[in-house]
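These are the structures, in structure tokens.
Two complexes follow with chain A in common, the first pairing it with chain B and the second with chain C.
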Partner chain A sequence: MAISHTRETRIGGVDSAAPPRWIADHFAILLLGLVLVLLPAVASNFVLDQIVGWTLILGMIALSLMFLAGYGGMVSLVQMTVAGLAGYMITVFGASSLPSISLFWPWWVAAPVAIIIAVAFGTLAGALSARTEGIYTIMITLALASAFFYLTLQNWSIFNGFNGFTTIPAPIFLGINWKSPVALYYLILFFAGLSYVTVLYISRAPFGLALQGTRDNPRRMEAIGFNVTAHRIAAYAFAALIAAIGGILLVWLNNQISPGTAGIEATIDLLVIAVVGGLGHPIGAFIGALIYVILRTFALDSLVAVGLDGRRFQTIIGLGFLVIVLFSPDGMIGLWRRWSARARSQTGKSPR
Partner chain B sequence: MTTALGHEVAPQTAQRGDRFARWISRRPVAALTIAIAVIFVLWLVFAPWPEEFENVFGRKRLFINALFNGITLGGLYFLVAAGFTLIFGLMRNVNLAHGSLYLFGGYMGYEAGVWTGSWLLSYVFAFACCALVGAAMQVLIFRRMQGQDLRQTLVTLGLSIVFSDLMVWVWGGNAIQIDTPDYLMGPVPTPIIVAIKSSGDAVFLQYPRVRLVIFIAAVLIGVGMWLALHRTRIGMMIRAGVDDRDMLSVLGYRVQLLFILVFAFGAGLAGMAGIVGGTFQSISLGEDSHFLLASLVVVIVGGMGSIPGAALGALIIGLSEQFGLVYFQNYATVATFVIMVVVLALRPQGLLGRR
Partner chain C sequence: MVGARSLPDREEPALSTIAERIAVAGTGNAIELRGVSRRFGGLAALSDITLSVRPGERRAVLGSNGAGKTTLLNCVTGDFPPTSGSVRFYGEDVTNLPPHERIRRGLRRTYQISLLFQGLSVRDNVYLACLGVSRGRFSFARRHARDAIMQSVTSLIALVHLESVTDRPVGELAHGQQRQLEIALALAGAPRFILFDEPAAGLSPNERGDLIAILTALPAHIGYIIIEHDMDVALRVVESVTMMHNGRIFKEGTPREIEADPQVQQLYLGGGHG
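Moving on, here comes the complex of A and B:
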């Protein structure tokens, strides 16, 4: 964040305005955090879980994609699959309505095992695609994601095929029933906030800076002694951790998981979320997720209300995505940055 | 195989034979293993299986059917993946809308078949429609963002979302089957014994004529593409463009026109494959991502940008899918997936790919 800001002020040419803006930025995030913490006092359970909770979870999974794509230059389509695998694993090792498959281990065994398996898968996927360059990543990870989707669809012995699993409650621990909407909301908020802060921290830590170096010029990084492949694989492992936690929360929120959860459409939607939000800053993932969730929840009704066919939701998503890719490749963040830069340069000019 | 003269005269065939002989003398164990494997496969296909063998590996009819279905499915995959790999090789554009073009071609072919009643005409129509869409995509969109690989790919992704939703709108979610024309209906007898009756008579395999004809057509198209790439002037331009696009344009060749032609041809091929798919199986919602995945895996396994690689990859993936369906249903896709992972781990550029 700090880096991009210094760069931006240099371009904008208004150095004196930099410090207060930096504080203002922090102020905005802190204010947002405060609003989110106090939200349960005013919002209904529907808004809490189905809008904000879902946004935060999708934002987390998109954040893992943003981390890889924005800082590492690797557009990995396997993140939704990592989340889905973690979700499936927690139902297989933990509780569900299917005693023939689920092992009913306690959550504090099931959740770590699920996370470890998902992270191992994400790291392996990274190791496979990190050896190839650039655009190949998208092909390989898309193929892996689709393979997982068809596997969940066809396999009945572990993934219960087309039906998937239902009744996967969040556990009870620390004396709190995390199934209840408010408790679950705080659980989600905690992990989303934690992963946001961690990604921001890592982006400025030596590892994150080296990763951004491998994105900009892998050859030069190799020449000055960095192991580029190892950095990339480590980035995949970290991103998989975020996605896996998001996947488990998603299952607890929806109380079900099926092949569609990590299907091809969901995989692509996740990329749409990350790109529309913007790959330049971690907040973009959450912005994209919010737009997606609001569209998904209300677009059907509003489309019908203005006399259009509500089933054309995907066309709207696709067209919106196309407009963003064609006219603002850095997403909503880019739009906002350009807009604020223009506003600043105009106010800078007007006194003269 | 050749004399020492072969070196000096070096006609192409003699040189090839010489290389083959040298390879055998260098790797005798590998050569022997391959020879035994080939003989074993030939035995599996042509000999009637002994009873103990059938007890362990199941009926021979199943095996032969999986083999034939796998090879013919490989032909279909080749038709889809060839265009994909050609477009990728020349323009570095991962066309994620390729599956949508396949589906669009299938629907267009179906409509044309309904109008004209001719199965062959529907191929022409589907090819023309998809080629037009492909050329339009190249002219209107990709030309403006040349060299931006990721952005192009994201645009194809957006287009595929819109296309598939629009196609659901027009044709609905139901599966459509394209009728096989009368002259291709029915089975063809083949000289392959699948079982021995108790009376001692051999039962020969009967295989659908249409699948064999389409497979032969796919092979002919593949050979034709190879010849066009290696024996014609435009093919030479395409190969040069794959190797060094900028140099080709600096030399004064009309690279933009070449791009449009290749994109149109690749898209048209996908469209024709749509009719083949609609005749083999059916065309419906979701087939676009199925065939996009198939072409992705085929070119990853075979090697990006290589036509022989696409053929080899398509054959491998077609066979692995069909054998997976017959022998381990629960994990059929895992077989394909494992092949891809192994290839990526050992040879990231694909079996016949170049770095």
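Moving on, here comes the complex of A and C:
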């Protein structure tokens, strides 16, 4: 019956697949979730934290960009800055090796305060850029990101200048030291999974559907009663929440934070991650992050092995970005969709 | 003007308050333009338009291309604010209100060139229009078929005969169906006054019949302004006519008077088609 379809909202241009395909998609993601949950049984701590942990955290921050760019049409370059601010704030209000700055509040006070400050900043950035479109949104948010980078570099009283902070402990609660690799891995996995499911859910809820309306046709949205600017700012606030949680986890995993964490280079890297993965679906952010982390981790050694300077790994990432954007403007998601569509039509199944 | 502000604004009223609004509406015209002008650079698209439309009145605005008809609608909805002059909606000065605030007060419009969400299904288009004038615009809770809003979506789709394409992306619809959908979007919620911008353009004779049926079946308290080149449609569904030429109003009257007017025949009805 037609009525039974009303629970599922078809997202514009994103997925017009029939129900069986939906089940298959869910099957894939459930399988992936199971693998990730069981991973600590087989994987080394290095793989858990340095590969998968980093991927999930960068994926979360890229997810906040994907939410704004993919559903709202707003390319915000301020998401890494929101994460960086949250990371700095958890260090300032929580603990670090610098008792002259850190306030050593318990984590359950410091973490919410850090998130509130970062979300307030992300919302303010949204309020500044929500009335602009395209290149102007990019320029305003890039200006904010640059300003924050130079602030952290030059301010010593709060951000400790270019040294930043080191030896940042993760909290201990429920009798578990969350700094231990497996515990931290599960903490990261929980929040990454929660962010992913929430974004997917909201994309089909009234708020997300209306956000996609403002992306496709802002003038018509005004003409049917939506305050487009308010809706965009609310989207920035929600995206900032994901980025802020990602920023705190980043600091707990990385054990340090410095201006480079949320610098211009990191900002560009995050954009590359989101675009390479694909802005059409939330999973793209995590795919992009995985490719980036693997390249960053192994390209260096591989380059040295063939007699090149290891620092050229950024060149490889840049070349990869160029190739993907040239051949698939919708990222790895787009490649996958085209490839699976071709595979299905070749095996004679209904291409749908 | 004074009374209207006491109404619950921002949210679309429940059915019971519509009667209240109609009572307040007795104090003023549904649409009242005073000295409205709109310039685009050196071009005066509208010059000193003064126009009132009573609540429930149905009015056609006629004129050749470039007469300023669509600009007039844009000034009423706020898509483009007027360069000078004031716009009142049911007595309330809305000149400086953004479009969405006017829509939430019961104003609706359709667009001459369909301005729809091409990638979304018919149902989602109508759903967004209903959501825009109801509570829960920021809701994270998913919708269900039993929700009141989904029921009004279903009945609106039935009203414009689009049941068979409910789940199709709008971009795949025929031109006539897209025009029908435009009308469904304008009827969402509790409209008090609707601006139709050439709703019959490109429709087949059958579809024109449907359009006339929908317009004449609207509840008596809903007034509208219709811009229409097709006289057979325009003059059958209105009680008054405003003729525009070069951004000015040059004649107002009943359909019969306008049809009989020699000046009008010379300017518009004679050579204006094409």
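Rule of thumb we're sticking to: the second predicted complex is superposed on the first by the 328 of 352 C-alpha atoms of A that agree within 3 Å, B and C clash if a C-alpha of one lies under 4 Å from a C-alpha of the other, contacts with A are read in each partner's own complex, and residues count from 1 in each chain.
FYI, a residue touches a chain if its C-beta (ideal position, glycine included) is under 8 Å from a C-beta of that chain, and two chains touch if they have at least 3 such contacts.
Nothing here was measured: the structure is a model prediction, and the numbers come from that model.
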Contacts of A:289 with chain B and chain C, given as first, second, both or neither: neither
Touched partner set for A:275, first chain B, second chain C, both or neither: first
First, second, both or neither for A:213, with chain B first and chain C second: second
Partner chain(s) touched by A:155 [first = chain B, second = chain C, both, neither]: first
Which superposed partner A:241 touches (first chain B, second chain C, both, neither): neither
First (chain B), second (chain C), both or neither touched by A:221: second
For the chain A and chain B complex, residues of the former touching the latter: 75, 128-129, 131-132, 134-136, 138-140, 142-144, 146-147, 150-151, 154-157, 264, 268, 271-272, 275, 309, 311-315, 317-319, 321-322, 325-326, 329
Residues of chain A that touch chain C when the two form their complex: 2-7, 9-13, 16, 201-202, 204-207, 209-210, 212-213, 216-217, 219-228, 231, 234
In the complex with chain A, residue positions of chain B that touch it: 92, 94, 96, 141, 149-151, 153-155, 157-162, 164-166, 168-169, 289, 292-293, 296-297, 299-300, 304, 329-334, 336-337, 340-341, 344-345, 348-349
Contacting residues of chain C [partner chain A, same complex]: 12, 77, 79, 98-100, 103-104, 109, 111, 115-121, 123-124, 127-129, 131-133, 136-145, 150, 166-167, 169, 185, 188-189
